[in-house]
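Worksheet: the structure to be examined is printed underneath.
Per-chain residue numbering starts at 1, and chain names A, B, C and D are given in the order in which the chains are listed.
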Amino acid sequence: MSTKRPLILFDPHPRSVDQIFDSATRQKLESLGEVIWHDGSPASDAHLEKYLPEAVALVGQSSLPKERLDKAPNLKVVFNVESNFMSNIDYEECHRRGIYVLGTGPVFSKPVAEMALGMALSCARRIHQADTAIRGGNETLYGEGDNQDSILLSGRPMGVVGCGNVGRALLPMLRPFASEIFVHDPWIHSSVLKELDVIPVSLEECFQRSSVVFLLAATTTENAGAIGAEYFACMPKGGIVVLVSRAGIVNFDELLDAAESGHIRAAIDVWPEEPIPAGHRARRTPNTLLQAHRAGNIPEIWPLMGQLVVDDLEQVLKGLPPQRCQRALWETVSKIRSKPSEQKGQ
Amino acid sequence: MSTKRPLILFDPHPRSVDQIFDSATRQKLESLGEVIWHDGSPASDAHLEKYLPEAVALVGQSSLPKERLDKAPNLKVVFNVESNFMSNIDYEECHRRGIYVLGTGPVFSKPVAEMALGMALSCARRIHQADTAIRGGNETLYGEGDNQDSILLSGRPMGVVGCGNVGRALLPMLRPFASEIFVHDPWIHSSVLKELDVIPVSLEECFQRSSVVFLLAATTTENAGAIGAEYFACMPKGGIVVLVSRAGIVNFDELLDAAESGHIRAAIDVWPEEPIPAGHRARRTPNTLLQAHRAGNIPEIWPLMGQLVVDDLEQVLKGLPPQRCQRALWETVSKIRSKPSEQKGQ
Amino acid sequence: MSTKRPLILFDPHPRSVDQIFDSATRQKLESLGEVIWHDGSPASDAHLEKYLPEAVALVGQSSLPKERLDKAPNLKVVFNVESNFMSNIDYEECHRRGIYVLGTGPVFSKPVAEMALGMALSCARRIHQADTAIRGGNETLYGEGDNQDSILLSGRPMGVVGCGNVGRALLPMLRPFASEIFVHDPWIHSSVLKELDVIPVSLEECFQRSSVVFLLAATTTENAGAIGAEYFACMPKGGIVVLVSRAGIVNFDELLDAAESGHIRAAIDVWPEEPIPAGHRARRTPNTLLQAHRAGNIPEIWPLMGQLVVDDLEQVLKGLPPQRCQRALWETVSKIRSKPSEQKGQ
Amino acid sequence: MSTKRPLILFDPHPRSVDQIFDSATRQKLESLGEVIWHDGSPASDAHLEKYLPEAVALVGQSSLPKERLDKAPNLKVVFNVESNFMSNIDYEECHRRGIYVLGTGPVFSKPVAEMALGMALSCARRIHQADTAIRGGNETLYGEGDNQDSILLSGRPMGVVGCGNVGRALLPMLRPFASEIFVHDPWIHSSVLKELDVIPVSLEECFQRSSVVFLLAATTTENAGAIGAEYFACMPKGGIVVLVSRAGIVNFDELLDAAESGHIRAAIDVWPEEPIPAGHRARRTPNTLLQAHRAGNIPEIWPLMGQLVVDDLEQVLKGLPPQRCQRALWETVSKIRSKPSEQKGQ
């Protein structure tokens, strides 16, 4: 390494370089430093340890225990491009050394938020069911039959559980409809929520007072499976639950029970077991809208990951804090129970 | 009629009183004047002509040719509660006499706008198709297969054809998404559209420049069948057309052709013939989302019609202009080709 | 008149053509019809009566009693470019004949609204007084002395009396600040106000509940002098009253008394007598911000009047309703007590 | 220290406890831990060193060099309540130890933003000058004389230099007016600015393209005195410069020259030397609006400082990141040239 240009090390598996870097972004990246490209498979330990001593940035999910950080004295920033912060990094040590650990997860916020709203509208008006009916020749005209429990979102209170990136992307989309927005998020101070012009509430109140509840929270050591029958029961009849973050935060069977009973409608994108078992009861549960974990992973946002990497690398190389990626917060990262997914998606 | 209280005459067929007046509104109405209730069937000529001489307000769609207006010297306001202004009224004569002819159509604006957005989101993300797939056990996980042409609405230009009540209800719902909103409406001056913060364009430009086009215009003597193949062809591939006002403004077969070809996706709520013929090809056309004229007619907005009637009657009785109902504009009413629908709906 | 082009008759005094028509607008006007230009002084009766029989549009404030309307069978639209609808027109006869009587007053809405907000902020923070202090060498640093009663607008309730053009221009400017906006306007139905997302209140409540009250109503036969001591007294101490429409709606002396007492601050742009008498006590009244009827009349909006005229003339010639000017409402125009002003201004 | 409750150490000079803690907030603070109150004068070293070993939080601006941090093993958070981050703290060592250094500066954002808008409106319409004129009997009615160069903010492009807390508080207040908002901030990535829906520009472009430029940047080692004659010269004639952050970012004499020449109008709240020297030329410079560093320091926001302290202390004690105060960023804090002010104000 005779060059003095910053060394940028790649280990993006399971992403591929082509998926997340378009050519303009790749070119910009190369203007910022010397890039050690790697693709296809996880980088070997030997490869990593050859370059880490000079590396200023690492793009990928390589393991970074303290011992390895000790061998990377120039490292300033790590970009997780898979989107789930995993336990193979010593986050506290990174913090002590002033190494940013960043994730490109924010690119999924808008796709998930749009899907969540689309699912809510579909449930409110039974759009997907009416489409199926017409294809089978079973429609009723002018909604005579199937509009009886159609509801307007306009003027209705809505609830949001978990007000992170997706929640903040969703809020402006809800404003034109919602009379009031209730938010439950134990990690955000109620004063901060009030400044976002939402009403901070307990989890129970969120269900009680909202016609639609959007479940957007990550699964943590504290909330796993926490949302069950008693919450669905306290919603107003005809209430809509939209589950698009992680299945782990709900009691999935009780969610399906509540839909089956007709008390609520459930829009579901994430599942306790994926792929969804062939005989899963949800496939036959009425009052549901079902998607197979498709909310975030749409092709047009993949190249945004590369752009976030390059933008924040620019900041860091200027001695400025990163601003576009999500930071792995040493305070909370250990509480998040996400597993590296096998998919390209969120 | 010894009373001096204003006489309010009812002839609401095909609506029923119960459908559009809740008890609070009915009570308020009765506080405003002497109500001659009538329900169930159209009022007879004899009934109408008995009360018209004293009537200050008429709630219904009774015929009002000039000769009958001559017999109604106290009439100040007519409320059409069916929603389509028909040709059985002499609008110019009403104008000359200072009789307002009002319609309760604005109550349908929000339901139609919400449905239109829901249909657009469903098409953009193939929500309805993915739901069908999962029920049939044919889903692909993480959108691997069926997300390939999913698009975000955020950041995309959108088009609106016809910027009346529905268009104005839809605009705020589009703002959180749209980069630019193009509007074609030959009845609204381009300066007025600019003040609404939209970009006035020709019909052709509206299709060329928009990723989603919402068709919200009434059928008129000038636009019937005007939107055909050449407009769909000039949309970007994957463009979405949402038809929720009247089927008469498009060439319906060419719309289906464009969807079938895969060039566009079509979300359709209104049909050239209703009920939809059993063997209609649309039932088998891919890249469509189909609804059976259900966008406007949801039960929760029915009582709003009564509220609009009472609010504007209050205004008129105070010598103030009505503000909530839509006015039948003598300038344009004769150009609108709407037929009284047989339904209770829009 | 051998031409068949629409005849457009001018009588704009006290405005001049140059003031309100820039060259592009003038050119556009001439493309719409045959213009009979007149300028400088009021047009003579002879001149008017020569052209009225053919005239389709009249731009000016000429008298139009019924007898003269009888001689103007082709007249479709009258544009008042002075801004006050006066009693020299038979409005009901115009209505009967389908002649629009329009005013270009809306061009003043934004200047007045901006001035009103600027005056409110100046009073809230005593900006004008602090500027005077520093010029006289009497300032106190860091607001030690003069910030004691400075108030934030953010988070405070605000009131609007009269929600016409100016009020509607002001509302979006208040949104970033106001927690709640109270509106009193007896001509607008409370349901309509609610749809504007404001809270309809009585005049008394408007003063009681607002930290700042904007007086934007026209003087009418019903409200002249109506706002006096009891209203100012019920404001919270330190409340701000901004008077920018017409002095006639307040008891001016009681307004000054309330400011002098220190209970409220008064921002005043309009006066019972104009020019303001040399010895007027207001010139020495503390807790006031004084302007000499300057809120609306700024040069950059003058050419907008011509543009409104041309835009609406285009509409009318196409058989469409005008959309940019304000209509003289036959229902309420007779109640408005505005006098033709001698100025070029509002 | 027999108690296990978190120890909260106070050293708030030059603030006093009463100024920034109302009784409810004080009570809440005491519910969170054992408070060692101190007031009036700076705490002595002996006092600090007695309590620091147990202290979890420090409220004040005490010196915290590395040696002292070594003696404070339980310290988790330091609250600067004066608002300027000074060089008496070893920020990097605090970062390494996971000690948050926070400031209550955000409470000043809204007062400064409101004042900035008020000053801009006053300059645009010469409100302060017209008030002075009327008090001296020199007014001209209807703005005949003094409105000639009055400008509307509506529809005009505006510029913001420095998009920190004040800038972000100002943006929503500018939206109802500005056609476009240009922002220059070298510390914020252009992609982030675009997401705020503003246009990132160079400093020069910011002046060239804006009718009003708000100077909101802190003085740094890089920008001191950087904004001079060439920038003011490239504004459009009649442009308005609003200086409310720190005088150090402009060449003050050249700013006054530009106002004196009539090319721009200058609204000034901060001064190179404070108190302002008696004979300072600005006191006689035309086309200016002058304030004596009063924008931020209004009494009603003082108790918010205490609320920010308590809210973020709650977060930190729960193991969550602080969210309401501003963090001293170790990346940039050393570049900021702010001196501890002698005032209670900003």
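Here is the rule we use: a residue touches a chain if its C-beta (ideal position, glycine included) is under 8 Å from a C-beta of that chain, and two chains touch if they have at least 3 such contacts.
Bear in mind that the values here come from a model prediction, so they are computed numbers and not experimental data.
S.K.: With centres defined as the mean of C-alpha atoms, identify the chain lying farthest from subunit A.
M.R.: Relative to subunit A, the chain with the farthest C-alpha centre is C.
S.K.: For the pairs A-B and A-D, output the one whose chains share more C-beta pairs in contact.
M.R.: Per the contact counts, A-B leads.
S.K.: Using mean C-alpha positions as chain centres, tell me how far subunit A is from subunit C in Å, no decimals.
M.R.: 51
S.K.: Averaging over Cα atoms per chain, report the distance between subunit A and subunit D in Å.
M.R.: Once rounded, the distance between the two centres reads 35 Å.
S.K.: Could you check subunit B for residues that touch two or more other chains and list them?
M.R.: Within subunit B, no residue touches at least two other chains.
S.K.: Applying that definition of touch, give me each pair of chains that meets it.
M.R.: The complete list of chain pairs in contact reads A-B, A-D, B-C, C-D.
S.K.: Under the touch definition given earlier, write down the residues of subunit C that touch subunit B in their complex.
M.R.: 92, 95-96, 98, 187-189, 191-192, 307, 311-312, 314-315, 319-321, 323-324, 329-332
S.K.: Which part of subunit C faces subunit D closely enough to touch in the complex?
M.R.: Interface residues on subunit C, with respect to subunit D: 110-111, 114-115, 117-119, 121-122, 124-125, 127-128, 130-135, 137, 139-144, 146-148, 150-154, 172-173, 175-177, 274-276, 278, 283-284, 289-294, 297-301, 341, 343-346.
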